[in-house]
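The data blocks that follow each hold one structure.
The two complexes that follow have chain A in common; it is paired with chain B in the first and with chain C in the second.
And then the complex of A and B:
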């Protein structure tokens, strides 16, 4: 049995199936679903017993966009070239070449939100992967070998693109994928920036992006169209700018959305940056946020404390946390994680695509020093007028978490803001204790009391 | 700090490296003030050691970018802890392409400028030549030790004591020590094992010997993965980069799994190893990812694989020893 035969759930579609199931029936069904959701939202009565104001109306559009993306994924293999990419990979040339992009991290997060991550990760654990490796990797490896996924089906990759600007974990993980799928693995290695970027680091990343384009062109059997590439870059920049604007709207008091909303609404900028639909979606979202701001409607009814969230969300707890904290007057208004997809917007230059991509993809917060991250947090405490910081110590994510102990100490000592280290995992419920978590959060809220 | 770094370059700048792999008998306590419980011992114990003044008169701490954990350590040391020593970093590319060679040469040039600041010494051409000659000789001596292993009348423990003395001896001292090893029939050997992982403490070799087995070869980061090929390029940075980028298969360097499997299989056959013991410090992601696929692929070639994790400095738990013992028995 070849390795691919061991993965029978990765089937190919043809153009007919793609057209009927996705273009014709699928898209229509999702549109109808959106209308029904809109109708439900319009009829929803305000709930006086809830500490949260009604959710943003735009969410139904986001649901449609993301569902459409995953639906197309089911029928993409054999119809479009498919690339599996890390969340920080330079995908714009791939998009311009017509690739369908799969973001395994986003897929793992989807499993987390749907509370399916543990059972899927256990498939990987039964196959020998340790519980000490990142739970995103475990979830996706589990999905790969078992075929279990809330997305229905993922398309088999023609190429894997792994960019180390978020962690080295992804390289180890993608080596596993390459071994299973027996397809090319393109590495974009981005030197970690302990300080400012040096020229040789930028040049190195640029050359690797150029090499990636050559590989991608060969697999796609066509050349990169410069006009289309520029168009994608323009959309990428605009999308990132708008996303940044979305997040910055929460500088308002009361904040019109929570960081938990942000975790959900970041789907398009992660999975579909560079696409016009993303730009249109964030324009719509901003309009709704502005309407809320104008009417003085906050995401939660009584915003007593404004808090920063550091690190990945705890996907399986998003809803519960948002409600639990809102009931205590806590609005988590910002997060370092969601900003990562917006803060580099000014660096994106569609007229200098390769040079600017090299710079952009070197600079995500996860590729920068612990001191830089502390400075970013301090700036956010100031700009968002925050009363406290929750640092999610994510057992799975060492690059994000190592350094948090010293960062917390400095936040407390230099800014005088209460800061809590909350032990958990972004996808594995076995690494979070409800009782201990709630006790620590209660104590944290008490520490913020004098600031209310 | 582990694993790969340019030794000749340090020597040319009149600096002598002392490597920190733990140290195993240091408590985690002080390091735990900075790193969470899910951080490996190499990082936490090294931090304890540094914070409790263990580095004495050293001038600098070089943290090569080996993994996310060492990345965090280098960053925390440099950004928050202000140690007496200068904190130096080195990014090691994870590919073996032309772009990786070019990048590493520039990265080494950058490092060299900071080494001049640390040592106050700017090496001359003669210094570089002398340094490469000495370090290449030591690299050759290490490679030769591995080649002569089955003609050395010493135990595995003694063999690895010498291999690991490269972590603190000068090149000349190491060469002398390696040359002085007695040739002859090795002690009673038993079942041959290949051992893989980051680092193995001497007590493990005694235990393995007591079980009636021996180490036929290793794939340890502190061992065979640092048997570098000798290079002859005229430019010192090109030469140093070549040395680092032609090192044996190593997951921390991004070696594709298939290539790693093929190398391991060929070496195991050549050395007469009957099984692979993967011996990892807890929480070592670079190692953990490969384990199931090594088990699968090497298993298909007839080589059973056992994976055990350990905490440095602790006596090996009875359960771990029993697992190794049972593994050895199945191979006998």
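And then the complex of A and C:
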């Protein structure tokens, strides 16, 4: 039996199933679900016992968009070409070619938020993958070999696109996927940047993107339509610009949303970058945030301290953290992680799609020096008028956590803001201790208390 | 009029401490007991005793700290050991600087600012190495009581290096060393060095600002004090009652 034959849960659909289950019934059911949610929100009474103000109304639209995306994923294999991609992969040409995109990292985060990640990761561990490997990788490999997923079912990939601008683990992880799925793997190597990208580095990445397009065209059986490609690039730029605006709205006092909201609302810009629905969603979200700002409504009722979050969220804790911190007057108003999907918007140039893509995909925060991240954090402390910084030392994500000890030290010494190194993991609850974590957070909050 | 201005409770993992202070912040009374499984009942009993002794009632501000602080229903407020130790030591020694607090369950390095408040801190990670428990656990294997640990470690010039920083693995190393006929005091010296190495490394990551102060139960161990001074090349200063500093700081914060 081949490895692929050992994955019977990856079944193909036909156009009829795709139409009936997704286009007809699925989309309708999700629309009805959204109406019900909107009706519930309209009837919702204020909760005086909660430290948080009611969640943003737009969240029901985001839930519909994301559910629709994952629902289509169940019936996409056999109907659309499917690409599994890393979160920093240059996906715009794939979208223009009509590929359905699966982001394994986003899927793993979904497992984390639903508190399914540990049991799924254990499937990978039982099959021999070490607990020292990134918990996203373990979650997705576990889901792949067991078929367990809160998304119902993921479509089998026709091609894998792995870009090294986020970490080196993906190199090995995607080789494993290629081995199991017996499909082509396109690797895009992005040299690490200590400053700005040189022309030869841009040319090197551009050539690899061109190669990726050739492979993707061959698999799709069609050529890239330049007009459609530009349209996707225009949407990608607009979506990223709007996402950046969403995040910057939290410079207001009180901030209309928390970074924990941001971790959830970033779903469309990660999974559906380049799609018109993403642009429309963020326009809606900004309108709601502006309405909150105008009425002086913050995400939390009493915003005493404003804090920056560095690194990935602790997905299995975001609800609890959001509530626990709000009860203590702490609003985590900004995060380096959510900014990663917006800060490069000005670099996206639809008139020079390939050159600008090469530049954009070289510059994510994780492909740049630790000094660059420190400067970004310092800027955010100033622009968002922050009282403290929480640096999540993420056991799984070494590239993001590298340098945090120095960064923390310099934030404390140069800016005089309290900064806490919080040890945890983005997806594995076994690497977080509630008692120790909350004790450190409480001491951190006490340090932010106004001086008498 | 009892004269008690506030009571501080430090419900720690190993010992439970209560300190009552007068309006000037001077210690009027203190109690220290090994922590019992039902710490909330134990604290209630200790509180009743101290109130009866001083003629105080339940209106006196009571601040709780330590791992069991959230169980103390009578506490006016809960504060972390970081804030309380900083305040207690600052009041006792009157100096800003770096405080190393080695407790039963964790160790912390706290930078105390010129106003007696913590401006930065670092705690041990999810591991018992570098805490009092490390010494207690490993000493038990050698049949040495906790109060004699420091003196025994200093009475020899020989030192058996303990390479493992994990409490459980260190115990395995001790078993191997005993089997090889190593001298128990030399093993103890190695254990102290291992603990101090870990704590000093944590202190360096925050930055050592003189004077270097020590609090917590392990501060009473002379070998730890001597080795920290050697490793940091700083004079080590101790408050009068290092074990009571958490409860004392809590009581002082009750006044303010």
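Some points to look at:
In this section, the second predicted complex is superposed on the first by the 450 of 452 C-alpha atoms of A that agree within 3 Å, B and C clash if a C-alpha of one lies under 4 Å from a C-alpha of the other, contacts with A are read in each partner's own complex, and residues count from 1 in each chain.
Rule of thumb we're sticking to: contacts are C-beta pairs under 8 Å (C-beta built on N, C-alpha and C of every residue); 3 or more make two chains touch, one makes a residue touch a chain.
A quick note: this is a predicted structure, and the numbers were derived from the prediction, not measured.
Under the clash rule set out above, the superposition-derived model of chain A with chain B and chain C shows the two partners fitting side by side. Once chain A of one complex is fitted onto chain A of the other, the partner contacts of A:398 are limited to chain B, with no touch recorded for chain C. Shared-chain residue A:176: touches chain B; no touch with chain C. Once the two complexes are laid over each other on the shared chain, residue contacts for A:374 go to chain B alone; chain C is not touched.
Of the two partner chains placed by the overlay, neither chain B nor chain C lies in contact with A:214.
Of the two partner chains placed by the overlay, neither chain B nor chain C lies in contact with A:20.
Shared-chain residue A:132: touches chain B; no touch with chain C.
Measuring from the middle, so to speak, at the Cα centre of chain A, the directions to chain B and chain C differ by 70 degrees in steps of 10. Within the superposed three-chain model, A:412 lies in touch with chain C and out of touch with chain B [touch as defined at top].
Judged by the touch definition given at the top, the superposed model places A:287 against neither chain B nor chain C. Looking at the shared chain after the overlay, A:192 reaches chain B, while chain C stays out of its contact range. After superposing the two complexes on their shared chain, the closest approach between C-alpha atoms of chain B and chain C is 5 Å. Comparing the two interfaces of chain A, the one with chain B and the one with chain C have residues 405, 423 in common. Residues of chain A that touch chain C in their complex: 405, 409, 412-413, 418-419, 421, 423, 433, 435-436, 439-440, 442-443, 446-447, 451-452. Those residues of chain C whose C-beta lies close enough to touch chain A in the complex are 67, 79-83, 106, 115, 117-123, 125-126, 205-207, 256. Within the complex formed with chain B, the residues of chain A that make contact are 127-130, 132-134, 137, 164, 167-169, 171-173, 175-176, 178-179, 185, 187, 189, 191-192, 194, 198, 200-201, 203-204, 207-208, 211, 369-371, 374, 393, 395, 398-399, 401-406, 410, 423.
Looking at the complex, you find that chain B touches chain A at residues 33-36, 38-39, 65, 67-69, 71-76, 78-81, 89, 91, 93-95, 97, 99-100, 102-103, 106-107, 109-110, 251, 254, 256-258, 282-283, 285-286, 288-293, 295-296.
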